[in-house]
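Same chain, two partners: chain A is paired with chain B first, then with chain C.
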Partner chain A sequence: MGNTRVIAAVYGPREVQNKGQQVNSSEALVRCEYRMAEFSTGDRRRKPKGDRRSTEISLVIRQTMEASILTNLMPRSQIDIFVQVLQADGGTRSACINAATLALADAGIPMRDIVTSCSAGYLCSTPLLDLNYIEDSAGGADVTVGVLAKMDKVTLLQMDAKLPMDTFENVMGLAIEGCKAIANYIREVLLVNTKQLECQRG
Partner chain B sequence: MRDLHLSLNQTQRVRLESAFHELQALAPAANASAAAAVTVADTIPVNHEDNILKGHGTSDQDGEVVATLCGLVERVNKLVYVRTLRARYKPEVGDIIVGRVIEIAPKRWRLEINFSQDAVLMLSSMNLPDGIQRRRTAVDELNMRSIFEENDVICAEVRGFQHDGSLHLQARSQKYGKLERGQLLTVPAYLVKRRKQHFHHLEQYDVDLILGCNGFIWVGEHVVVGEKTNTTGDQQKSSTEVENFTPLETRKHICRLANAVRLLSALGFTLTIELIIDTAEASASSNVEINDMLGAEFYVLTAEREAKRRADLLKKKSGSR
Partner chain C sequence: MAMEHLRWRPTVNERDFIESALQSDLRVDGRRSFDFRRLKIAFGREDGSSEVQLGETRVMGYVTAQLVQPYRDRPNEGTLAIFTEFSPMADPAFDPGRPGESAIELGRVIDRGLRESRAVDMESLCVIAGKHVWSMRVDLHILDNGGNLIDAANIAALAALSTFRRPECTVGGEDGQQVTVHDPEVRDPLPLTIHHLPIAVTFAYFGEGNVVVVDPTYKEEAIMGGRMTATINLNGDVCAIQKPGGEGVMSSVIMQCLRIASVKAADITSKIKNAVDSYTAEKALKKVKRLPASVPQKINVPDVTMEDKGDGELERQTVKTLSYVQQISKGDPATMVEANNHEDAKLMLTESNTEVKSTSGSGAAGESDEAQEVRSPKSLKGAVKPKHKRKKKKSDRS
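== the complex of A and B ==
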């Protein structure tokens, strides 16, 4: 998405590695880990993994994807999602969710719907879609929305700063439109890829 | 081009593009029943008047049949389901699989196969080394490690499913059991189709090729089936080990066949024994070095040859009609 580049890897469904974590044996366990590469931001990061922001974003992505994966079809197994940010220019959370959706669809894990995410903000009395790093650090509001594209349901909603209610509705509407556009694009890419694999297989 | 990192120069890239284009052009002509590709949350066109059975990969949302997976829609009489491509292996009873031992548990071995859970091989589903049919005692249980250890590669057959979805295997025949002196290759499971024969003995190379349905492929030195049982007596074993090492020619053939499998799986072509032998022979006849088989030039050559082969097959089929 612009200059933000992320890479997502999905492992599974496979045997649960840590039996202590398996709470519900009739469902699959979904684990997610978000990392930023040290070279992804302007200044080299010192602690790419254990810090609070990464843990929070890992939890957020896990909850978003878990809402969409049909976990009861794969009991007693584990799905690992690893997302790493290679180049960060604002909207890394959204890019990670989109990448994770693509990876899950490619891995053949059954999902209710395509989850897409987009961020929007409000600067100089205009709603802006998909803020980059400079716009984000300008101090305006930043709304991140994740939707199930076809079912039209919101699975993720996060906001920094404050916004009056009607402005918020505008900004959120704009973000949802952005999500739908991304969902169309993802769907096309997946279709082309599936057709190509089938042709090559013969 | 998934697992091989190739740097193609401009002409090679152009040739590869044209080969893939040809394959794509051939594909809809080859499939008489064009299966529609579908992604997650696409509606599957269905005649609502029939009682359609919703199979794997579909779900019911607001009375419409919606896909939950990315793949192709298959229809068999009243059943509609979505067949995925790069997903996990879907086991069926009687499949021949190749797996690796991960853990030894009480009275069983746990194997890793390309499935959502580990498969279980019970001690009682395995022939004892001395070949006698008897009850497994506590001594047998303590000696499990002498039969299979961790990280051993085993060939077995799917016996059935447990209530929690895990697989049970059995290895009661002489042709199943531990596999030695060879290479284990992992390919996506959808490239191995179920056939009548999964054990192939290639006489001209003296090599055994086992195409496991789970996508694990074993290429190894040929072992005569009767000699698979362990010899009792340590002295005999150590002396035979010193003498029998695989000759260099056989090892070269094993590497050539293994590279052919790697190449074909990176290209995404269905693995059949004829195609593997064909590719290996083509590389030998054009004097490609074994390690160059995974290089850019041979990659492009193989794609072009496959496009030609499928075009010829199609012509033959339409010509004979």
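== the complex of A and C ==
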């Protein structure tokens, strides 16, 4: 997404490796890990994973994807999602969720719907879509939305900084539209990809 | 996440019962869908400590401050850090030591609500730009997990920040770089500048996202499909929203939740303000109550002594008020005589007189100030006084 580059890998469904973590034996266990490469931001990062922000984003991505994956079709198994940020220029959360959706679809894991995410902000009385790093650190609001595209349901919603309620409604509406545009694009890409795979299979 | 398997898991019966009750708009503890549980805010002995009880959830908040070097890109702003401690006595699922995911999430949600929305004024915490700023640290201890920790912890943090008093410090020294932090006994500590109170309201979604309740209990949390925490302040500004995945909901439902949240936020803000006001009033009263009430007639004796020691019109005019105040502040003939004996240094006396004169007209409310003002010359003199007398004064003051 612009200058933000993200890579996602999905493993599974496979056998649960840590039996202690398996809470619900009638559903698949979804694990997610969000990492930022040390070279991804301007200054070299000290702690690529395990710091509070990464842990929170891992939790958020995991719960977002869990809402869409049909976990009850794969009981007693585990699905791992690993997301790595190679180049960070704002909106890494959204890029990671989009990448995870593509990886899950490519892996053939059954999902309810495509989950797409987009961020929007509000600077100088204008709602802006998909903020980059400079716009994000300008101090205005930053709204990240994740939607289930066809079902038109909001799964992920995070906001920081202060916004009056009606302005927030506008910004959220803008972000949802952005998500739907991304969903259309992702669908096209997936179709192209599947056709290619079909050709390769012969 | 070794703690996951220790987390209480609902039985099938409980899950069905709670869900079917919610379908008919009933909650297991008898509340309506958008009712908060009973909120009780208590304060500790020190400034800046609070204990909040929201139903069965208990959280304790504690604020401390320290002088540190500021961040390089923000040289004239103080810092605010939130630390959470999920003690295992709150919930068997909490591991001691490393904070789990929910602990980190809670810390970050409250941090976003307070810091990004600029609830606490950071620039007033600057002492010397680029060198010394106050660093606030809010510690939140979860004592009992009865569900909805985020809201309770947020209220605890706000209550603690509202009653916190930071020590006053002055910049002095030859190069204007030396910072002296005054003891709270010498100068009254200052409250923080809080612009607004961001209140967190948590919603839980059940079913397909069409059943919404406010302030879920522990059992409801274990069963819910998704949750959303909206941090709203009294002016209707949305300070932070956290909906970490989970059940998908329509955006119209989200806007409706925000409207409900703003109503609830107004309610809780008033409760917090009432609790803080009554606590500060009680504390101010305590300050005066410590000093026993005095009878005006007794003034004659110290009056005479004062006039002897003092010289100059100024002192005679203010002598009555000073001695009356001294009466209040000491109330102990022995120390009063001692105090009179201390009025040797004229410089100190004129200082205290001018101070007292300015505050003498303010009445009962200002008495504590006067006592404070009178106490400051005491302590200044104490630096000169021999040790045994100084000890006596200190024990008196406490």
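Miscellaneous remarks
The rule we apply is simple: the second predicted complex is superposed on the first by the 202 of 202 C-alpha atoms of A that agree within 3 Å, B and C clash if a C-alpha of one lies under 4 Å from a C-alpha of the other, contacts with A are read in each partner's own complex, and residues count from 1 in each chain.
Quick note on the criterion: contacts are C-beta pairs under 8 Å (C-beta built on N, C-alpha and C of every residue); 3 or more make two chains touch, one makes a residue touch a chain.
This one's a predicted model, so the numbers in the text were calculated from it and none came from an experiment.
Superposition model on chain A: chain B and chain C are shown accommodated side by side without a clash.
Of the two partner chains placed around the shared chain by superposition, chain B is the only one that A:M111 touches, whereas chain C remains out of contact.
The vertex angle at chain A, taken between the C-alpha centres of chain B and chain C once both structures are aligned on chain A, is 140 degrees to the nearest 10. In the superposed model, A:G2 lies in contact with neither chain B nor chain C. With both structures placed on the common chain, the touch criterion links A:M165 to chain C but leaves chain B unconnected. By the document's definition of touching, of the two partners only chain C reaches A:T55; chain B does not.
Once the two complexes are laid over each other on the shared chain, residue contacts for A:E198 go to chain B alone; chain C is not touched. When the two structures are aligned on the shared chain, A:M151 is found in touch with chain B and with chain C. Look at A:I176: by the touch rule set out above, it reaches chain C but stays clear of chain B. The minimum CA-CA separation between chain B and chain C in the overlaid arrangement is 13 Å, rounded to the whole angstrom.
148, 151 are the residues of chain A that lie in the contact sets of both chain B and chain C, per the superposition on chain A. Here chain C touches chain A in the complex through residues 1-2, 4-5, 7, 9, 101, 104-105, 107-108, 112, 116-118, 209, 226, 228, 232-233, 235-251, 254-255, 258-259, 262, going by the rule given at the top.
Across the complex, chain B meets chain A through its residues 20, 23-24, 26-27, 30, 35, 37-42, 57, 59, 61, 68-72, 84-88, 112, 116-118, 164-166, 190-191, 267-270, 306, 310. Residues 20-21, 23, 52-53, 55-56, 58-67, 143, 146-148, 151-165, 168-169, 172-173, 176 of chain A are the ones touching chain C in the complex. The part of chain A that touches chain B in the complex is made up of residues 12-15, 25, 28, 70, 74-77, 105-114, 148-151, 187, 190-191, 194-202.
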